[in-house]
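By written order: A, B, C and D. Residues from 1 in each chain.
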Amino acid sequence: MPELNIAVIGGSRVSQEVCTLSYNVGRILAKYNVVVFCGGLTGVMECVSKGVSEGNGIVVGILPGYDPSEANDYVTIKVPTGMGYMRNFLIIRASQAVISIDGSAGTLSEASFAISEGKDVVSLFELNIPRKKEKEGHVYVEPDPEKAVQMAIELAKNWKWHEENE
Amino acid sequence: MPELNIAVIGGSRVSQEVCTLSYNVGRILAKYNVVVFCGGLTGVMECVSKGVSEGNGIVVGILPGYDPSEANDYVTIKVPTGMGYMRNFLIIRASQAVISIDGSAGTLSEASFAISEGKDVVSLFELNIPRKKEKEGHVYVEPDPEKAVQMAIELAKNWKWHEENE
Amino acid sequence: MPELNIAVIGGSRVSQEVCTLSYNVGRILAKYNVVVFCGGLTGVMECVSKGVSEGNGIVVGILPGYDPSEANDYVTIKVPTGMGYMRNFLIIRASQAVISIDGSAGTLSEASFAISEGKDVVSLFELNIPRKKEKEGHVYVEPDPEKAVQMAIELAKNWKWHEENE
Amino acid sequence: MPELNIAVIGGSRVSQEVCTLSYNVGRILAKYNVVVFCGGLTGVMECVSKGVSEGNGIVVGILPGYDPSEANDYVTIKVPTGMGYMRNFLIIRASQAVISIDGSAGTLSEASFAISEGKDVVSLFELNIPRKKEKEGHVYVEPDPEKAVQMAIELAKNWKWHEENE
């Protein structure tokens, strides 16, 4: 049974290049048998879901609306929340580490929430997030998908729940 | 790929009899290939998870705390939320129908939230919930686990998202 | 500065009789200088808000949608949440005791959530909620508005946060 | 009755200089009769609350825990949520515009969430948030407290709820 949850976050509209990168991240995550959490919609979410799905992995789509049918075709477990974009933060809560791919304000919001909750973020692109507290997580930039996934898995394994992160 | 989510709700401390009933509900749900959502902890949640797991199904545990290790041993997908008991309502949001087994105030809160969100509840025990609005769901009492699961699956298939349920 | 929060819950469509009762509860709560929390919309929510407002008290409307203008005309502080009916449970989290007036499944869901979170509920009408755990709150039935408010204030004063209620 | 909600966000540990700035922002907001939303704890939250309070305004503290007594001494309306840092996003949901003062990853997370939800942010310090979608809000940098407040009020007045921001 898979024992690690890793979130993949990124924009809902992406170039073909970023889609391919996301797909590859999904394939590699499936190979390592982790459960992938994402927002379940389009763009990075859809491309990574396709990769996980074609690698026979499990991808959980935490959806903003009430209707499971809003999920893309590759999501294994559809989780409607009815919370709108606030569902982003449930994706982070569910995961022990985060992989960030190109995105906009929403993606930055998730990545910086992860840091503030003491979780590490591996970003395939440049990403700057201020970090001021001992308990906060770190950002690592790693453009290679295979290395990024391996790093995220190691970080997820080392993550521990601390009362002060509550 | 499983296309229906069904929630199983019930008390965190249960008699052997109620545990066996919950286990059977889990086995039957696994047989019908639905994704089971529950609170991921003890009592009904653990007994139903064991049934799903031994039937080779998928059970998602929506957890109150921040730590995935608080889940019982049979949960397939562990989803920490950090929302405390408010996570109960995410279990309902994620599902298209609900099976209610014996419980206390928390279980009643989930079942009546389901009704108010327009979702049907199949209860293995007597359950009274006031229903005043057209858009609200119905409670069906069905003590037989096999029949209760079949009924919940039919109700879940007929569930449709309506704007006014928002 | 007011030091107690009390939730008033009830149906969104009410008879004139129940509206008058709700209005009176609001007037009395304002007299005792507590902050009143409600869902901010119609029915009991509007009638109680009018009572608080005309008694020069503060009423906070925790709204289901994104738009503050969905609040009724008597709400002092409008709090859009975008969480739909899940906002009900924020009303309970915000308060130290709850007054329940006639309602449907949604109201029962809030009242039983309060009990499960260790908060007491004073109901103006008959209300049955199973209670199985030491840490759970109690239901008190008191049809007289003045007495119901006084009782809720005493219960709110005695409420204490306990780790195990988390 | 105040008709606008404005959020003030910033770090929980601040220099004397930033505290004074936050206090001044609070005084000015009170003067203009808006309802101020913040996280209700220490640092910027406490300094701005003191300013609002001494200006006889209303400041709502949306708290991470379950206990209203965790609020700082200057909060008018204490709103425990039990959602941990996820309460940050309720502060944004409640407001029509945001004033950002110096902070760490948590503050960046709130500011970028605001942008992604179509709300404008006035920042007293440099703040870079990617913006890719038409519906997203804007960041304005304005170091002068009086001007920053006036700008935030104008932006809040112009904010309108659009379905696509859901």
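Assorted remarks:
By our rule, contacts are C-beta pairs under 8 Å (C-beta built on N, C-alpha and C of every residue); 3 or more make two chains touch, one makes a residue touch a chain.
Given the structure is predicted, the values throughout are model-derived calculations rather than measurements.
The interface with the greater number of C-beta contacts, when A-D is set against A-C, is A-D. For the pair chain A and chain C, the distance between mean C-alpha positions equals 38 Å. Inter-chain spacing, taken between the CA centroids of chain A and chain D, is 27 Å. Chain C has residues 66, 82, 84, 86, 93, 166 in contact with two or more other chains. Taken as a contact graph, the chains are fully connected, with every chain touching every other chain. Those residues of chain D whose C-beta lies close enough to touch chain C in the complex are 1, 5, 35, 58, 60, 65-69, 76-82, 90, 93-94, 96, 161, 165-166.
The part of chain B that touches chain C in the complex is made up of residues 11, 13, 64, 84-86, 88-89, 93, 103-106, 108-110, 112-113, 115-117, 128-133, 136, 166.
Note for the complex: chain A touches chain C at residues 66, 82-84, 86.
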